[in-house]
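Before I ask anything, let me first share the structure, which is written out below as structure tokens.
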Amino acid sequence: MYISEHKIRVRYAETDKMGYVYYGNYAAYFEVGRVEALRALGLSYRLMEEQGVMLPVLSYSIKYFKPAFFDDVLTIRTTVNEIPSGTRIYFHYETLNEQNICLNKAETTHVFVKTSNGRPCPVPDNVIEVISPFFQK
Amino acid sequence: MYISEHKIRVRYAETDKMGYVYYGNYAAYFEVGRVEALRALGLSYRLMEEQGVMLPVLSYSIKYFKPAFFDDVLTIRTTVNEIPSGTRIYFHYETLNEQNICLNKAETTHVFVKTSNGRPCPVPDNVIEVISPFFQK
Amino acid sequence: MYISEHKIRVRYAETDKMGYVYYGNYAAYFEVGRVEALRALGLSYRLMEEQGVMLPVLSYSIKYFKPAFFDDVLTIRTTVNEIPSGTRIYFHYETLNEQNICLNKAETTHVFVKTSNGRPCPVPDNVIEVISPFFQK
Amino acid sequence: MYISEHKIRVRYAETDKMGYVYYGNYAAYFEVGRVEALRALGLSYRLMEEQGVMLPVLSYSIKYFKPAFFDDVLTIRTTVNEIPSGTRIYFHYETLNEQNICLNKAETTHVFVKTSNGRPCPVPDNVIEVISPFFQK
């Protein structure tokens, strides 16, 4: 299991008239979570795209338990539970507030796609290489 | 079953560097879908909040099939499959492009909450009243 | 003088914890205003980009007089005050609420740029052609 | 003169189909810049609002020189050029990329407002107190 944590401070722009972080804005937080999870493995998502592989989202789901507020420092905990294989990768997320309370849980499924033809492609070798050590006994 | 359709034209602001509508932006489209679905029933969500009842999201999930692009006119089809009861309401969504191709399917679960104390409350009578006729044989 | 009006209903996503439309969100409204102003002239900005000319923003300024609120139907009034010449075009904007009160005034300056090399290029002939009639005595 | 710098990494969500940071998204970056500028002075904007004073934007202007891209680490340099007096405060901003190139320059004008009645109020004493030392000879 590979776990990565990244902190994000809530912007005023991200709140809504309820005073909460708008329910749609967590998707961007999780994007940051997975980009940083990859970076912590030595992988640059920007570079991956420049080299011709992108990682669009196939599905996204989230369960909300508690709201987040302006200026809160949230911890996005991003987890990869299994070594990606085939053409897909699965990310799981938890958002924790400063009291370490879990505000929501989410997951996304992605497919590796060749930018040149838009077709699914195998998980790049360098992704498997850096993530595999986290799944050895 | 109650079905409501509303058209939204994709803004440049909503695209990302892939040239697609960013995966996180559909949540706002579905918010528009359900607000307009309520309006088509004669219900104003703004008024509902002013009268002390709000409708935060408990869960949201979406499956993406095809991307949407800048300037596309999307149809957000919002469906209520069952008469809301207890304290909850469920919305289902489909996003269709101009060729009537389904780009994604989604659903949200909401809880009616009293603004004054933040506690769940029964589905307001006027909501049940206007939606019930769609579920009679 | 060429004037175009387009209506936009404020989304919940666009409000902030003050209960107002977030000050940064008007830029997207004005983008819609100018895309629709061009469309009303028979010009598709999407097509213009596909044909190799884009219109990035050089400057943007806005003065805020009054806030807008969730569910308000705003009128974005987009004005072109002079026939574009050289490589630039200037848009002026006013946001009006349902009581026809002016909420803010703004302007943007854009440069026509060739997508192929990123360099400024003359205002396309078809733009001048469709806008000129509005400036004849 | 008071200068504060804060780093922001560009999110995928913030790019548009040109591949640039969408022109409207800098407003949120500058919001972060000024909130962090206040925090570096020992002032919490969240606390200020909770204590009944808010700081809406009266005007905003920006000149764009160069674009920013996904994953860029931008430095938002926020400057206060004069001790706020009356009911207003002025912020100036520069966005610098990792090569220290200035991508844009902006400014905002704000008014201190009492949340209770929505009326302008004098600059709070604690704001003047912490910022004055930066303007002494």
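By letter and in written order, the chains are A, B, C and D; residue numbering begins at 1 in each of them.
Everything that follows uses one rule, which is that contacts are C-beta pairs under 8 Å (C-beta built on N, C-alpha and C of every residue); 3 or more make two chains touch, one makes a residue touch a chain.
Keep in mind that this is a model prediction, so the values were computed, not measured.
S.K.: Where chain A and chain B touch, do the two copies share over half of their residue numbers, giving same, or under half, giving different?
M.R.: same
S.K.: If we define chain centres by averaging CA atoms, which chain lands farthest from chain C? Would you check?
M.R.: Result for the farthest chain: A.
S.K.: Which integer distance in Å separates the CA centroid of chain B from that of chain C?
M.R.: Taking the average C-alpha coordinate of chain B and of chain C, the gap between them is 28 Å.
S.K.: CA centre of chain A versus CA centre of chain B: separation in Å?
M.R.: From the centre of chain A to the centre of chain B is 25 Å.
S.K.: How many Å are there between the centre of chain A and the centre of chain C, using C-alpha atoms for each centre?
M.R.: Computed from C-alpha means, the inter-chain centre distance equals 34 Å.
S.K.: Listing for chain A: what residues touch at least two other chains?
M.R.: Each of 12-13, 22, 24, 27-28, 31, 70 in chain A touches at least two other chains.
S.K.: Provide the residue numbers of chain D that touch chain C in the complex, in ascending order.
M.R.: So the residues of chain D in touch with chain C come to 18, 20, 22-28, 31, 54, 56-64, 67.
S.K.: Which chain C residues qualify as touching chain A in the complex?
M.R.: The touching residues are 12-13, 15-19, 22, 24, 70.
S.K.: Within their complex, state which residues of chain D touch chain A.
M.R.: Per the stated touch rule, the residues are 9, 11-13, 27-28, 31-32, 35, 44-46, 70-71.
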